[in-house]
Each structure stands twice: as structure tokens, then as C-alpha cells.
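Here is the structure we will look at, set down as C-alpha cells.
Letters A, B, C and D mark the chains as written, and numbering starts fresh at 1 in each.
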Amino acid sequence: MCGIYDHQDAARFAYFSLYALQHRGQESAGIVTSNGKQVYNQKDMGLVADVFSEETLNKLPGNIAIGHVRYSTTGASNIINTQPLLISHKGKSLAVAHNGNLVNSIELRRDLEQKGSIFQTTMDSEVILHLMAHASDRPFEDALQETLTLLKGAFSMVMMTNDTLIAIRDPNGFRPLCLGKLPNGGYIVASETCALDLVEATYIRDIAPGEVLICRDQQLTSIYPWPPCRSSFCIFENVYFARPDSDIFGINVYQTRKRMGQILARECRIDGDFVMPFPDSGNYAAIGYSQESGIPLEFGVIRNHYVGRTFIQPTQSMRDFNVRVKLNPVRSFLEGKRVIIIEDSIIRGTTGKSRVRSLRNAGAKEVHMLVSCPPTRHPCFYGIDFPSTKELIAAQYEVPAIAGHLGLDSLYYLSLEGMVEATGMTMEDFCLACFNADYPVPPDRSFHKDALGGCGC
Amino acid sequence: MCGIYDHQDAARFAYFSLYALQHRGQESAGIVTSNGKQVYNQKDMGLVADVFSEETLNKLPGNIAIGHVRYSTTGASNIINTQPLLISHKGKSLAVAHNGNLVNSIELRRDLEQKGSIFQTTMDSEVILHLMAHASDRPFEDALQETLTLLKGAFSMVMMTNDTLIAIRDPNGFRPLCLGKLPNGGYIVASETCALDLVEATYIRDIAPGEVLICRDQQLTSIYPWPPCRSSFCIFENVYFARPDSDIFGINVYQTRKRMGQILARECRIDGDFVMPFPDSGNYAAIGYSQESGIPLEFGVIRNHYVGRTFIQPTQSMRDFNVRVKLNPVRSFLEGKRVIIIEDSIIRGTTGKSRVRSLRNAGAKEVHMLVSCPPTRHPCFYGIDFPSTKELIAAQYEVPAIAGHLGLDSLYYLSLEGMVEATGMTMEDFCLACFNADYPVPPDRSFHKDALGGCGC
Amino acid sequence: MCGIYDHQDAARFAYFSLYALQHRGQESAGIVTSNGKQVYNQKDMGLVADVFSEETLNKLPGNIAIGHVRYSTTGASNIINTQPLLISHKGKSLAVAHNGNLVNSIELRRDLEQKGSIFQTTMDSEVILHLMAHASDRPFEDALQETLTLLKGAFSMVMMTNDTLIAIRDPNGFRPLCLGKLPNGGYIVASETCALDLVEATYIRDIAPGEVLICRDQQLTSIYPWPPCRSSFCIFENVYFARPDSDIFGINVYQTRKRMGQILARECRIDGDFVMPFPDSGNYAAIGYSQESGIPLEFGVIRNHYVGRTFIQPTQSMRDFNVRVKLNPVRSFLEGKRVIIIEDSIIRGTTGKSRVRSLRNAGAKEVHMLVSCPPTRHPCFYGIDFPSTKELIAAQYEVPAIAGHLGLDSLYYLSLEGMVEATGMTMEDFCLACFNADYPVPPDRSFHKDALGGCGC
Amino acid sequence: MCGIYDHQDAARFAYFSLYALQHRGQESAGIVTSNGKQVYNQKDMGLVADVFSEETLNKLPGNIAIGHVRYSTTGASNIINTQPLLISHKGKSLAVAHNGNLVNSIELRRDLEQKGSIFQTTMDSEVILHLMAHASDRPFEDALQETLTLLKGAFSMVMMTNDTLIAIRDPNGFRPLCLGKLPNGGYIVASETCALDLVEATYIRDIAPGEVLICRDQQLTSIYPWPPCRSSFCIFENVYFARPDSDIFGINVYQTRKRMGQILARECRIDGDFVMPFPDSGNYAAIGYSQESGIPLEFGVIRNHYVGRTFIQPTQSMRDFNVRVKLNPVRSFLEGKRVIIIEDSIIRGTTGKSRVRSLRNAGAKEVHMLVSCPPTRHPCFYGIDFPSTKELIAAQYEVPAIAGHLGLDSLYYLSLEGMVEATGMTMEDFCLACFNADYPVPPDRSFHKDALGGCGC
């Protein structure tokens, strides 16, 4: 999710920002721009580089832009549900792009339908537009404040009218959102600092939890519609979701993950021949583990750079083919070795089993796994596309059973305290609900993620 | 390049072998199969995964197959020049796939045209088919021997008739070629062992330099048409070209590259804060350097996994954009650091300059580079797609000038002796011509690589 | 526009009906089906044969279907504006496909926006859905009657809920709509009888002006929400728009057009060598003219069957290329001849000029043109995609000036009386507004066709 | 088939010529050009308008061009077999495009393979290139004459070197070939005059049977390598194959076909209500029949202009669907009528049966058919893609049996004398082999059309 304000190359900057944020959503991509008078719109299913071309970018003139990349979820992955959402109402345009999940959207939607509103999408973000339409006889800021205070849940958002860019972060600040200055004037807001780095913007500060930043008439004004409350940063951004070269919640992701590996080495020392990640998710914790433990780091499996869209079925005899076609075990290296794998997390545990087996088939004598976060036992209602409790392996099984299931000689998870220590912050700063079920904003009774589609980023 | 003999899934095995060998050629891919009676053929421009589908594979029945992936060269990249080449002559089919370069093909071609032969492609491999056609009144083995002894240069080849698979390696053995046993019976020949690993074949042995292996009537027979000579293995396969999980010329590539890093650390110790590769080419030497020197390994830049076909132009202000869009410098990590980069080789030096500058822009204080081979000063006539002498940076400049050009604080190349030592073999085993101009097979006077297109693999 | 009720192959029958109705709209095509519980939807830009495949049809199960093909208009030709429109409101589905134009939609839309409704499309049909949503606390029939009586203009419509098909024709009956019985049970409604013929349905009767036919629980019930009024059939359907093999408003189109040619021969006898149409629009009137006058019919120009999407520019020297590439003048036939062209209508007059010149260049001595309707001098507000008054050549120029502009030796238009006589009906039965400016339903003051996009069929 | 000489827009003129000749081959299209030094080549499967774009035309510089469109035959429809064929031999380019069939190509090919030649295609045209290559130590004209005198059969050809265009017509002149002058200088040769008309070239004369026209150094020279013999023009060009606006063998096709209809009316008068063609093949004979007999012409079925690539299966109940989807019977017109159909020819008789039945189902009381040529009882060896004797319905059945098979009330074929009379020429001028088995050039014993693919045009 990103927004560009007051730059003649707004669409181009939005494009590159989305390109840098591609890891946050691969299902669809969209950009809306305005030249002060008219609003332009391009969105489609697919990766940023596939959705946009010089030709489509040239159809997006203007000096304001918002952009969005969306998750691949099974339920409602179609062109209608791409973001940003754009409407024209009473001759004015309003666009919104949203990262996170509202937990009371079903209730809000029911009320709106009762008043005759027709919904086009299954995304919770559409509720926001209808609330704005119903308040549209009030001045814009009043309508905005009224709408925002009706929302519950996680919502880092960018909104846009013909002449205004608005950046919004919910009072708990679940999802990151930062502000930067573009090299030749103008501003950028983006989910992660890596977007700022790519376009050579200078990081200014994070949008504060509960802040609404309004960019209009070349001025930036902040309003705070909610009473203050404690922050609930999503620690899973640091563990897995954010890009390692980003600074999230004020801390560098690479270094946080490396410290997780170092603390893991202090909590659990294994007698192994070498440490390895499965590329590339555990790379940084693996480096931390290796440096702290003195056990050498090696690349026991090598990522295939040409993995494409192969849909060719293997022959019956080829075991663990789907793993081996992407990750090539270095047979002559693994033979007879005691291997320590560092993983960032285990969610469903579906690929782990055949990954471990492929190491054993290549000759590994022992396979141990260390995970740089605690067991993920509870669903997320705030925008991480976690499976339901039934599919979370750590919600179904104890650690030794998981080790058995994966075919490991041993399995260890980082402690909750160790994980938080690695961030340099405190337990109170974070939402840790997926580890400890302590949900900062209770979801609506009828809340069910699938009904509304996944989050967007 | 690969061949499958005596397996009902021949096309599928060939497909997966090519998939594993994709790094050896990304321009085009092709497979020819035979069911003993009829020969089938599918080839096109593009990656293996794009050229083939279940549908196209189903059009390739039979239990013999040969496959080929081809390099992207500028001169003659078109559908006509895809391999394997297949002809029908006097009602019999003959197909050939070739890795390497003939150095006397122009001369051979001139003679054939004089006799009325018409050439369809600009590939040297076509010469072989015409020679076979002209000798076609002789028994097949005789025609083959007569043809092969006319050829000079580097040629690992697979040939196929309706009922026979032939694997050929030139007497110097420039390019690798190995033989394996398929899990449920049948044989495979392939350029690298990584193809055997993917299809779970068991490695038997390398095809020997000067060996012609004929697979027919479920029997494997070897003939040796040339007098014995010293081997000239291409050391650049070990340095750069082959996949790290392959064993090439009997040695593991990963471990060889790691030893190159270790020897590099003994030859040149730099006082730096950390060692890093540019992903992924210098990964293995970087591990070796780090372990030998004790200087920690870090990932100072991170490969973008979503690099696609973006052709969107950056704005004028974005410096070194093409590097940064692929490789993300970890700004908060590089800041103020003395960085040691390990590279596998420097050919043209074109990308190096902006890579180094992107590190400095991200805050690096010093940038040193160590290269895990000697300066590459001479063109290759045997199948590595090296630029001409004019474009080889080390042929044009001395090492300090190269360092200056790349913006480095220091630059060091591994010694020729160090490189060979890392392989565990001797100088006599290898072709080192690109480093020392000692060409084992003198090229034809009129030889000019571009005239015939690049090598295939 | 078509609807299928109570047949297991509903989507397939809708597909073939749209295929037969393709001449009524080439911009986009869509089908919505229901199996009683769930509603399915496929639509896209393009021709029917391109939008649908066996695969997409298989995604449209159920025994109720409505389908639509849409005009190509310049203003708002995009995927959002394809029909049928489908919404889900309070858990119930409602779909609508509309042929014609509402003349008070801007007013209705303004009122709805005031109440907070958000519009997704620029089509007048969407107004109908919002009106239904606002009346959704009433029983369905009541809501429907309330909604319909608010509409003014031309609207032949099919509507669909999960279990009901509704066919609607406005009280003036501007656009045709007929009812048929499917060969194996079930019913079909369609804009023209040619759709019934293709699927071998038996024609039952036309939906009457002002009739609302409700198909539910395997019963057909009619209600009549409006007070009776005189009919205003669009005579341009007979002149040009409908397919010649259809019966429209109870009369056969082919024979009507042939009679127009016969009456034309009585009104204006030209001394020419032969009569010819430009294929294929004037074919039937040309036959009538030839038979009545005794002047032989010939094909002076021949339609090129392979006209494709050629965008290749001709060289400068090639005159009237765009005509000649589609219509090949038979040079050796035209040479020295006095040619009588029969046209069905002249709207903009843009292609006529070069068509006439291509005949002269092929050697024609005289070129006369007779048109089988009066001059079209006024815009249509009821669904024929006429240009604005400014672009209607007959609104700008008198007949002799048009003849001069087109390069004709003479030009004659059929009289209004002659045209109506050819139908066998009376002036009172028809809307003749495009000829005589007598508009049966006065348009809204703010009505402007472009604001709402063109009609659909 | 066409050739352009001495015009800077050679490729563009070739493109438009092929566009006009599209009816002669829809399988593939290709153009080769030369700018005097280098030769350029573009060809692909598909229609002319799909194969070429402004972009591809711009890759065809030069002022000489030859072009070709090819038939769709079942045997060998692939990219390899597209024409023009282009080779480079001893550094010189030679391209050939061929319309017709050689009847001794298998023999010639066997001899060439014996000498070591490798064939890439299954087209008889390739034989010509190999013969030229084997004679390439002789001066070009000598090599050409030597090659041509070895060929037997039907061959209208254009050949091209870097600086020369050659147009060749076999001594019997089976296939047409004409010469024209381009509007701004330069020459054109083409299979039919309709290509000249489209590019506004002036017709000069036909290339004479047995003539070889050499265009070089801006001079046109003719040589005549064969002894004179009687001509054998293919009368099927006049009956069916050529475009009606072309003049073929010096006579206009439209008028010839109309005269066939007139003579048909004299030979066989039917008592019917109206005459109709199935659009569009019998249009011209139908006009002749109507004018001569005084029975009115009507369009009893109407061609659907939107017939696309529909592959949707009809439901079981839909009879004769494939006919009705293309040709719409005008039900209210056919009801109770006695219909006289005029057809140009009946080859396999496969579509006729359901065409006739669709008329009966639409209500026709009687259906009579008259064919404007005699029964086609014998295969063609000279380039018309006739089926084998087994598939020719008139070779298998007598006329009354054919009438019964097609469901007709009566069937009549034009007499051989009547057909020839319509041309204004004599029996001696034509090849009438498909009607009377009198083959002017006896085919090779081993000749089998399928072995070599179909003809090209």
C-alpha cells in the first residue's frame, strides 16, 4: 500500500513503491491517480510488473496517487476485489486502499444494506466507502471522522479524493505505515521503508497509531479521531512478513531476525555439523545462530533460479518432487552430516515433511530444526492470512508430535520472551495474539475472515 | 543437453533433465523422441517450463529422447537455430544436440556447399548432419566414425536415430557429460549430475573424453574413434557455469568454490567488518572466505524475489536503478561498514560499477572485492559465451585500473595456482585458455564465433 | 437480449440466442444463470464466440438464464459497463439486462445518490437495481411495480432472481421482445425471432407493450403496471437494425425491405443498366426494386470474405483503399455502365463518398442512389445509437447537397408514407421520430445520451 | 503468389497482393524481400492480416519482394512448410514461391538424397532449390534452365535472388500468372488480376505458358526453356477457385459464371417459385439462371456475418446446427415454396445434405439443385486440393443417387460443352481432367499428393 502526494511522476513512484512491496501481496495490483480534476484508474489480477506497462502508466496522469497490492486468498480472488476501490459519488471521486482487517464489517454492512446500499465486492474496505457516501452531506473531515470512529480492527489505509491524499493508521497501529520525502519534492507514504529506499525517498517518521494525516493544498495536517490507547504492533511483520531490508516499527528487520537466531543459539545449542536455512526465509536467523554458536553456516540446499510455472507432473517414482524442483539438495555435501535447519516459522507444516525427507534422501544423518518464533497456535483477525485453527499445526499438536510429523531428530521453538527481546522493545508494544491468544480488539461475534476475503497490503 | 534411453517416460525424463540444466541455456529448448518407428519433435524459443506443457509432452511418445537448452546470444537467436536438429534422410531420422563449439566448421561447411548441400541454420551442429548424409551409403557406425574424425573443437553431443541413442565427448573432453541409471530401468546421459539428482537417477560414470557410447538393442557399447590425448576440462564450469550441487569432472562444484574462497582468504586477508556475496554467484566462495578468515558473513544486499519483466523506466533522479530493483541494499546494516565482496568472476565489468555505488550510497565506508578466479583475458573458442577480447575488461585494463573503474578501495584476483589447487586436480587436466591463452585445439583461421551462433548446451 | 426459463441447458440456449442476436451489439456479451440456489455470471468485452467457451459455459449451471450483447459506443466501452448487471443484496441475487434507453435516468440517479447510493457503472440500467434495493422491504412484485412505474423511456428488459425470470416491455413497446417454447420444454424470450429459429424454439407471441411476464414455479403470469397507451414501434428495426430472417412486430423483415424496394421503384424509376446493393445492407430492397422495375440485379462489387483486422496503412497512391479492401468492384462489369445503387439508409454519409468514387474509378458512367427510407434528420432517444444532430448528414444538408457530397448523379429517398406502407401497418403504430421529430415520450431536460453510455440489446 | 520488382514499398505491395489473393490459401502466409544486398523474411501460419503487422512489414525493407499464401491441407500443415522457401547457398540467397504441383518430385527427391542432400520440408518446391544448388557452379540462367527442364507438372512460380525477380509458368500454363505495372513505377506479377486492382496496378499481359520472365537491372527479359505445346488452363479456376472480379486466362470470372447460369437455364428449365444460391458460391450463376429463365432470384438463406470460431456444442435436439449457425433460412419466405438452388460444384457432398434439410425444415415444399459444372469424377494432380477418388461423391455415385443422398427433388449438372461454351474458348484450351480424366501431363508412377503436402498459391 502506498500513496504519493505532490509529484508529477506520481503514478511512476507508486508503481515502484508497489514493486518494492510486492512481497505483501501477489494476487492483484492497482493504482489510482488524480490530476486535481479527474481521477484515473488501472488495476488487474497479477504481479505489479505484469499489471503495469509504460502504456498503462501513461494513462495515469496526475500528481497524487495511491497504490495497492493484494494477497492471494482462495475465497474471492477476482478482478472485482482488486484495490484501490474507487467510486464516484455526487460527481466527486473517492478512492481507498486498505491493509488489515475490520472486525466489525459484517455488522456495518448489514446496517448499510438495510438502508438500500448495494455492495459490489466482498471486501471490508467497501464498507468505508458506503459510510462516507451516507455522511456525504457533512463537510469532508467531519464525514471522515464519523466514518473512522465506526470502524474496529486493523486498518492502515490510504484514501484519495481529486485533490487530497489521506493516510490513516488505526489507534492500535497493528500494521506499519511510514512517511517519507521524495527526492525532488512531494511526499510518500508506504507500508514499509523498503519502498522509500527504492525510490530514494528520505524516511521522515512512521504515521502514528491513531493518526490521520491529511495532505492538501501542499500542506500536511494531522488529526487524531480516537482516544489514545496502547499500541499493538504485529510482531509477525518482524518475524516473517516484512522485507529484511525494511525498518518496521522503528527497528531493522534483518538485524531483528539475526538477533532471534542469536537468542535461539543461547536457548538451544545443538551438536551439529552445520547450520542451514531453507532459502531464503530463515537466512538471517541462521546467520545469527551460526555466529553465536560458532557452528559453520552452509547452503545445504540451493534455490533453483529458473523455477517457473511448471505444471508437468513427475513420474510416480519421483519422491518429494515439488520440493526438489525448487530447492536442490547438495548431495555430496549433506552425505553423513548432522544438519541444523533454522526456520522462521511453521504454519501448516505441509512442506516441511518432504523438505526434511529430501535432506535425508540426500544422505543427511541427523536433521534438527530450530524455529525463530514460538508456536503459532491462534488465528489472526488483523490481516495476516493465517489459516484457521484447524490448519495451524501448532494448534493441533504438541511440539514432540510436530517433530515426529516432520521427521525431525529434534525441534525447538524460540521462547516468547526471546522473540520480543530480539526486537529491543517490550511485550506491551506488540500484538502477540497468534502466540498467546491475547487479542487487543475483540472481533465481532459474526466475524469470519472468509466472508470478507483476505486482507490487502 | 541430455539423452534418455529405454524408458517409457523418455520425454518426461528429458523435460525434467532440461529443467535442471536450465542455467546452461535460456534461449530455447527442444526435445526429440522416438518410439522405435517414428520420431517426434517439439522445440521453441523460451524457458523449458514455457516451451513444454502436459499437452506438448503427450505429443512426444517413445522410449528414447534427446533434449537441449540453448544460450541467449545476440547474433542468431531465432526458432530456426533451436536444437536438437532433426532431419529425415532417405526415410531415416537423425537428430543431434550439441554442447560446445566446432573450430573448423566454416571450412567443413564451405566444402559441403561446394558439393550442393543447402544449410538451413547458422549452427555448427548442422555440419555434422550433412557429413552424416554424405556418408550415408556406408554402415551407420562407419559413417559416424568418419564424420566424427573430421570435427575439431569442443563437442559433447547426443545423437539419436529411430532406435539408437549415441553419446559423444570430444577427445579433449572440454565439456562435461555423465551417465546414470534411471530408477526403474533405462539410462540417462546429461551435461551435469544435477539432472540425474532431480530425476533420482544413480550416477554411473562420466562419458570419457574421446568416447562414443552407443545405446541400441538394450545394450551399451563404447567405441573410441580418436587416438588418446591429454584432457582439457573447462575450468570455468567449476568457477562459474555449472550448478553448485553438480559434480563436474568428478569433483563437487559447491565444495570447489568454497575452497577457492578459503584459498583466497589465505592469499589476501582484508581488514573488513564483514564478507558478503552479491547473490547468488559468489555465495560459496564467500562462505569459504568467511570460515577461513573468521570475518563474519552477512547478506548486505538482498535479492528481490519478484523481479519480473519490468520495463518501466525510472525517473531521472533514480540512480543505479537497475541494480537496486533486483538487489536491495540493507541500508541500516551497511551504514559505516567496511565491506568485503566475494565475486566468482568479472567479465565485462558493466554491472559491477553501479553495484558498488549502490553499496556506497547505502552508507558503506569501504568496499573491497575479491574474485575467486584469475583475470579472464582471452576469448573462449570452446563453447563459453565469452565476449570478444575488446569487451573483456581484464584484457583491456590492469587490475588497479579495473578497481578504479569499479569504484573499489581494493581488488584482488585468485592466482591461477590457487584456483587449480581448489579443484584437487592439476594444471594439465584443464583448459585454462581464457586465463593464459594456452588453447588446446587451435581454431580454424577463418573461425569467428558470431558467424556460427553461440554454443548450445 | 434473451432469457431462458426452465431448461437444464439454460446457459447453452442463452449462448446460441446471443449468437443469433450478435448484430444487435458487438461490444460485449454476458450471461447470468441460476440453479435455484446460487447465481453464476460470465461476461467480457468482445463477440459472443470470443467471450464464451465450453469451459466458461460449464461454469454457468442452472435452468434459468438471461443474456445480453452490447453496442459499441465510444463513451464508456469497458468491462464495468457490460450487462447483465448482477447484484447481491441482503443475501438475494438480482440481475437485469436492458435494451433501450431510459430518458429520466439522470434525475432518478441524482435522487438515489442523495440517499447515499453509490453507482458503479454509467449505464441507466443500474438505476433500476438501486430502485429495487430501496424498495426491498416490500414484497418482490410490489417493489417491481413501484420501480417500473418510475421509469420513462424505452425498456425491453429481462430480470432474474434465484428462482424467477421476468420479461418486461415498456408501455410504448419501442423495442421488440418475443416469447417462444423450447423444443424439449421450457421457455425463451428474445429480442428477435431469429434467436428462436436458431435454437428451434416455437414462436408463441410477442410480449405485449406494457406487459410484465413473470416466470416462477413453472408458471407464467402477466401483470400490467401501466395504464394503456398507443404503441410506438421503432420502424428503424424494420429498415435496418433487425436481422432479415426475423419477424419483428409481427411482420417479416426480409419481405418488408423487399416491399420498400418495390415501392421505391414505383416512386422513382431510373434509367440504368443494372441495380446493385453495396453488400449486404441493401440486398433485399435491391431485389424488390429489380423485380418491380425489370432492371436486372447484379453484384457490381463483391464483399471480401477475408477482411480481417488489417491495420496496415496503404501507400499514398492508393485511393479509397478502405472501401476497396472490403468491397471489390468488378471492373470488367462496371465499365461504361449506368449503375443504380439501393441503400437502406444514409446516416453520417462518411463511407458513401469513397464507395461511389470506387465505382467511378472502376469505370461506371453514371451512379444513382435510392434509399429505402426517408432522410434521418433527428436523434434517437430510445436506444438506436444514432449520432447527434450535428453528425446526421440529412439534418445538415438538403437532398441535392447530399447527392453532390457523395458524388452521385442522382439521389432519391423513399417517402415516409411509402416506408410505412411497406410494413402493412399504419403511421400510428410506429415511432417515426428520427424522420419526423414526433417523440412519443419526451426526454428529461438534462437527458444526454453520452452521459449514460449507449443502449444495450 | 505474387512478386514485386523495383518499388521502394515492395513488402507493402506484396502484403496487399496477398491480401487480395487470400482466397487461394488460408493456411500460412509469407513474404521475402531484398534491398539488393540483404534478404529479409517473414512467414507464419495464419491469415495474411494476422501474420503481418506494421512492425513486421518494417522488418522487410527493399525494392524486390515475393509473397505466398498457402492452402490448408491435412497432411503437413506446419510452420516448416510455409512458403516462400528461402536458402542461403555459397553466400547467395535464393527464394521460391510455387503454385501448383510437380508430378515427378518424388523421383527428383530420391536422386538428390542419394547425392547427400538433406530435405527440410515435405514440399515439392524444395526440390527446385536443391536442383539449383547442385547446378550452382554454372551461370545463373544456365542453372535455371537446366533445373526447369527437369520439372514436370503444374508450376506457376516466382523466384528471387538478391537482385533479380523471376516469374515462371510451366509450358502447359495450368495455373494463371499475370504481369502488371505499379502506379508509380515498378512491376507486379500475381496469380490473379484482383491483386493488381487492389494496388491500382495496370494489367499488362499474362505470363505466357512456358515463359520465364527475368527482371534485373530494371530490364525485363523473357526466355522460353521448353519446346512449345498446347495449353491446359485449369477450368476449375473459372468454375470455383478464382475471385469473381478477376480476369483469368483473359476472361472475366463473374461474367463466365453468369453465362454458366444462363446456359444451365437453357439446358434445364425447372418449374420453381424462385432461384437462390447458397451464399456466396453460386451467386453469379444464380443471377444468370434467373435472368435467362425469368424466375425471380431471392435470398432464401442469409449468411451470418458474425460467424466466428464458435466451438460450442449444440444440444442434442438441434438438427443441422452447423449449417444453420452460418446460413439462416428465412422461414417466412421459404414456407410452401418450390426452391431452385444454384451451386457452383459438388465435391464431397458432405454439407449439401444438411443444407437441403434445413430448407425443408424451414418449410420448402420442393428443393431442386442445378450445378454450374459437370460431375467432378477424377482427382487433380496439378494443384487443386481435390479429395481422392474415394471421397469424390460423383466418382462413387450416379447423379440420381447423389440427388437421393442430398434429399433433392431433382439434380442437374451443366454439360461439359455448356461449361466450356460459357468461357468463350475451346475444349483444347483447358485441362478438363477432373471431369473427363484426360490428364495433359501424366503423373509419376509413385506420385501421391499427400506425400508432398498440398499445393501452394
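Rule of thumb we're sticking to: contacts are C-beta pairs under 8 Å (C-beta built on N, C-alpha and C of every residue); 3 or more make two chains touch, one makes a residue touch a chain.
What you are looking at is a predicted structure, and each value in this text was computed from that prediction instead of being measured.
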Identity of the chain that, by mean CA position, is farthest from chain C: B
Selected from B-D, A-B or C-D, interface repeating A-C by over half of its contact pairs: B-D
Inter-centroid spacing, chain D versus chain B (mean Cα positions, whole Å): 50
Separation of mean Cα positions, chain D and chain C [Å, integer]: 39
Distance from the mean Cα position of chain D to that of chain A, given in whole angstrom: 63
Junction residues of chain A, two or more chains touched: none
Overall pattern in which the protein chains touch one another (line/ring/star/complete/other): ring
Chain B residues within the chain A interface of the complex: 9, 12-13, 15-16, 19-20, 22-23, 26, 47-50, 52-54, 57, 183-184, 194, 197-200, 243-245, 247, 252, 254-255, 280, 283-284, 287, 291, 296-299, 302-306, 308-315, 317-319, 324-325, 328-333, 362
Complex contact set, residues of chain D against chain B: 79, 87-90, 113-120, 129-130, 133-134, 136
